[in-house]
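Please find the structures below.
Shared between the two complexes below is chain A, which has chain B as its partner in the first and chain C in the second.
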Partner chain A sequence: MKFPSWTGNPTRRGELVIGPLMILPAALGLCIFQFWPLGVAILNSFRAFNPFNHRPNGWVGFGNYQAVLADPSFQSSFWVSLIYMVLMIVIIIPSALGLAILLDKRMPGTALARGAILGALASSEAVAALIWNAIYQPNSGLLDVIFQTFGLPSQPFLTDGHLAVVCIVIMTAWKDIGLPMLIFLGALQAIPPHLFEAASMDGANRWNKFWRITLPLLRPSLVLGLFMTTIAAARLFTPIQILTAGGPNGQTSNIAYFSYAQAFLFNSPGPAAASVVMMLLMLVAITIIQARALRSRSGI
Partner chain B sequence: MASVQMRKVIKNFAGAEVLKGVDFDIVDGEFLSLVGPSGCGKSTLLRMIAGLEDITGGEIHIAGQVVNGLAAKDRDIAMVFQNYALYPHMTVRENLSFALEMRGEFKAHIEKQVAHAAGILGLEQLLDRYPRQLSGGQQQRVAMGRAIVRNPQVFLFDEPLSNLDAKLRVQMRTEIKDLHERLKTTTIYVTHDQIEAMTMADRIVVMRLGVVEQIGTPLELYDHPANSFVGTFIGSPSMNLLRGRLVGGDKGLVFEHGGGQSMPLGAALSGVVPGTGVDLGIRPEHLTLGDTGFAAKVVVVEPTGAETQVVADIDGQRVTAIVKDRVSIVRGDLIHLAPDTARVHCFDAGTGHRLP
Partner chain C sequence: MTKSSDLPGLKSSLSRRTVLRGIAATAGVLAMPAILPSRAFAATPGSNPGKYKIDLGGYTGPELTNAPITLKIMRQEFPPEVNAVMQAQYDAFSAAYPNITIQEERVPYGDLPTKVQVYVTSGSAPDIMMGRNDFASAYAAGQLTLPLQQFLSADFIEDVYAPLRESATIDGNLVCLPWETNPVYMAFNRDIYDKLKITPPPEVGEFDGGWTVEQYMQNFDDVTKALRASGDTQTFALAASGYGNGGPGSNYTQLESIWVRMMGDPKAAKDSSVYNTFMGVSEDGFTASGYVNTPEAAAGLANYQTVFKSGYTPTGVVPDQFRGGAAAVTFSGTGTVKRFLKTGQPFNFGMSPAPKGTIAYTTTVADSPTIYSGTPYPAETAALLAFICNDANRFAFHDAWGSMPVRKTLVDALPEYASDQRLVLGTNVADNAFGPPKSVGWFDYFSAINPAVKDIALGTDPQTRLNDVATQIDGLLAKYK
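Take a look at the complex of A and B:
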């Protein structure tokens, strides 16, 4: 019996060298900027640190985790993180789908609308947060001016905890809606038109076509959009930092902001690392649940 | 089942007239095929009958009712698309049930109808599979099942076999014909493949550039093409056209080929005025290899087993002959090809119209 040699197909021999070489830069980048910091964070989460020079000075086992879990501000951040996720998913996914459907219709002004949405996506997160900070300003901000025009009272957009969470989500949705919208638009345009023609012949009305044809065929893109939005919501940081700095009274602080505050404001790298690892575990758990819930039998 | 009538049907796309007053009737239970080269408007006409394209002018009647303003779903017709248009996220059962669900039929009735259609097409074992798990032929059968399950007045087929390989195409051709024989539902079948049209249809409508060139049974079109376009379009290999003129002779007309050779036609084409510039149409099987006839030089010999196709050059004009016997000629040989003068066709060289 002849076993295939390691070179296999002679015409593909060169790929054995060129292939790994081509993925080397990306693999190196991933190792340096993703896996290495992750590994360090996991190690740090089990260490104690010297508060003055921030150097590790011993192992504390699950001590950092116990401390973080017992911290009421972490508990609050955990729930706020979940609220951000739910609100962002509820606002961004249907809005992005609605916008994608409108843009797919190629109505007048479509190019302009697409440009505006992608413009927001391309803008810096910090700049967008500063713009919205101006919009949310009490009395002089755009929203309050509009409210006053209609005789409505001034609103504490960023000074009321609950309202501030919503304001941060709206700002983030405004900025980030472009990417899921683009994904949905691409998926919509990839649905063969003859399926809708067949559905017309089968007696389907617009709603039937959307519910029975469009939505199931968008499933992979919806799942992708859902994952992206979930991860973006979990990592939400810049808007919180610029609009509220976690306030008022920590009511807008999520786990990401909590970790930042522990590491850089309270000089506690151990609890910061422990909270980052817990956020990671939370994200993994949520995405597994989402993937299972949205699993499809048809392979679509 | 229903009859379908076209009444001066016109279709414009962005100012361009792609259908120029199409006018014909399809009788109840008939299998009619629309054929023509790409861009002749046959698929557009089918889509207009389906309700998927607006009608610019004229009227389409289905079962005596003008359907110009009716939505596709209200015309009680079913269509089999070229690429099947199966819903990829639904099982075969769900694909078959969809139209009945849209109609609001009871579940028990839907199950009965689906089982009936699956039985007719041999799909019983495939009902729980998804389209991606089926072969091309199976997908084609599901597409037909989706049409059958609704028990419509008219079936429309838009080049349904063009995505299948040659062997499967022949098999599906038989299945579709058999299905029509069993159901007797009025069927309009669009194809660019004249063999499909010839083998399946009760009548054929030949179209070119948005105009109906001829309507008739397959053999009427084959034996009496109305013009040189229909003559060359119907039949494979195509009818040979030899450009020349007819002159009077002692024993009837003589065809003088442009290349200089002439051929007495005897009593054939007696109604044609001598001196007319014509295209002499000769089917490949009506050319005989022998010692008389047009002198020609062999270009290609194509044995197919049952017969041999010989492509030869008559004074610069290529012709094809089908020889039943096996021959031992090769490229470059000089041969003689004699037409069966009783079966030649004559077309006006200018207009292409049949003479006399």
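Take a look at the complex of A and C:
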């Protein structure tokens, strides 16, 4: 690699000084708020702690990892994390794509729908969870009242483990669908119209145009949306905390909630850090698998 | 008409000065009822006027610094009228000590224990943090709080009701200062009972004079059936819990443990299951298996489960359900009585003891401010705490909030606690209530059992879930050995 000479073009020389200075704040921010805490978490995962003041008081090797892996709650949280990821991808990506296509058609009410979706996106996660908590309440919640109106029995939305997982995903999808939808909408509007005109002249129907033109050209945006949704699903915490607190029977607790409980409810910072590191490893593995699978199919 | 000078023996002594003295004495006697309360308070261990710039109550430490300092307080959120009382107290303290600035942070009540943990971990906690007496063992073992007896008079500490004082005292150190209590018993809506023509729980003064748990369950069933038969689907026999953050599994220490520990007996043989059920944890505080998952405990939580399964109470959180007139009965305490009497009762209500199992059991838990062991201003912090806890300030607080004072002289000075059955019962409950199981890991225990209790409320088999949580708690407590 050949580096530009300091004695060369004065403009280039200026860039060499100003360029690093420009990225320094962002790099410092990343180091202080991302990499340093990550390093501390990794170190803490090998430490023992005073349970009263949470200060480290020795090293335990892989003891925290062994303890966490042997904990049935962690095992359950691991699988629940995967379920959240799958459900959120299955619900959010197709729904966001469908909404983007509808909004792209500029039908009556499009502006209102767009505003509503973006409004949900802009709302606080905690506030959204509280609203949905009221909607899901047995007997007095909006959904149950609708069910009662039609003579249907009251549903245990947040008190049945399986149903609660779905309810949390629906609430999160309602809240978060706006961002992938915006990405898809932007990509849709970037597709040159003449491609569709040419396809029409060749006799392609709507489905053919969607399958042969729209979807392939949306693939980079779909990949981005997929990654974002996966990571959002892995980080899911606020709705779990507010709607179910991990229950019933820990059936809605994912690894993020498990880590929180270890750190803040059970005075166990070491196992909490170990579970965080394992969540990180899981995310890296899933992201690599996703990237490879999509790269092999799309060639990107 | 006889002149005074004609009376034998008075002639020589009845001077103008004597008459004036007599008038003054008479006026004093006549004025006594008006000034008696303040004099009585001044004589109590919680009032100490004149010694410092202001009445610092039971404080006996050194005079406060003149240097500019800031004291931080973290406490739970109260209604605006109570917050105003607290703010007035801070203002009064700062007026007397202008160099001392007070900063306050308010958090939701149910989040207090976690917030304390987070602050302690940070190594920079507020000088005063609102704690609870059930966490006293952990405060002591972790040396998280300053022993308070070094700043407070012995009389002042002795004035705190014995069960509360003892629960806050570990190895002779008062690690937190109980400052209000809400002994748990039952409030009922007489209007609902009258409307349904069903007999309400008995209004008695004795803590053990109430219904058994079976009688309460039958009553809940009768009320529920009558309500539903009348087409009322919104009113419940038993209100949703208003403790902690509300709903099932809200606050085991204060509420749900009643269902469990009433099935035990502290006077039974020490190796018996009934005794262990009452204890809740082994004597060394490190083992829950065999204590929290006994057959008696499971039976107690099966009763608890029934109130949800049978629709006697809602399965979710319903704020202010009893106060809103949408429940016949609620677990409550003196706070409800005082608030209703002060603000005007929304309906006719009565008070009755909590359900009885093997024993008449109820809990005594007190919010208890602590002084952070890392505070740079221990004396000033203790003085501020003592000021907030002086007689006048406690009366103002209890008047606004309605909770029961933790000091006997304060309760004795409030005549309604001796005359109103609803409050007399409260004082008897406070005298006979039990503290939580003592374990340095009570926070872990508490955090693990609340969701377990919620799961049971929502339908999980009590014995199976208790076995699981007992194993979990054993694992959690192991790190404290």
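Quick notes on this structure:
We adopt the following convention: the second predicted complex is superposed on the first by the 287 of 300 C-alpha atoms of A that agree within 3 Å, B and C clash if a C-alpha of one lies under 4 Å from a C-alpha of the other, contacts with A are read in each partner's own complex, and residues count from 1 in each chain.
Note that a residue touches a chain if its C-beta (ideal position, glycine included) is under 8 Å from a C-beta of that chain, and two chains touch if they have at least 3 such contacts.
As the structure is a prediction and not an experimental result, all values here were calculated from the model.
The superposition on chain A brings chain B alongside chain C with room for both. Once the two complexes are overlaid on the shared chain, A:L265 sits against chain C while remaining clear of chain B. Contact with chain C, but none with chain B, is seen for A:T159 once the two complexes are overlaid on the shared chain.
Our angle of interest has its tip at the CA centre of chain A and reaches the CA centres of chain B and chain C; in the overlay it is 150°, to the nearest 10. In the superposed three-chain model, the partner touching more residues of chain A is C, compared with the other of chain B and chain C. In the superposition on chain A, A:P138 makes contact with chain C only, while chain B stays out of contact range. In the superposed pair of complexes, A:P220 makes contact with neither chain B nor chain C. By the touch criterion defined above, A:G246 lies against chain C but remains apart from chain B after alignment on the C-alpha atoms of chain A.
Residue contacts after overlaying the shared chain place A:P56 against neither chain B nor chain C.
With chain A used as the common frame, the shortest Cα distance separating chain B from chain C works out to 53 Å. Chain A has no residue lying at the interface with chain B in one structure and with chain C in the other.
Interface of chain A with chain C (complex): residues 50-55, 73, 137-141, 156, 158-159, 245-250, 261, 264-269. Against chain A, the residues of chain B that register as touching in their complex are 50-52, 71-73, 77-79, 81, 83, 85, 87-91, 98-99, 102-103, 130, 132, 146, 150. Taken together, the chain A residues at the contact with chain B in this complex read 192, 194-195, 197-205, 208, 212-213, 216-217, 219, 296, 298-300. Every residue of chain C that touches chain A in the complex is listed here, in rising order: 114, 117-118, 120-121, 123, 138, 141-144, 233-234, 314-318, 441, 443-444, 447-448, 451, 454-455, 458-460, 465, 472, 476, 479-480.
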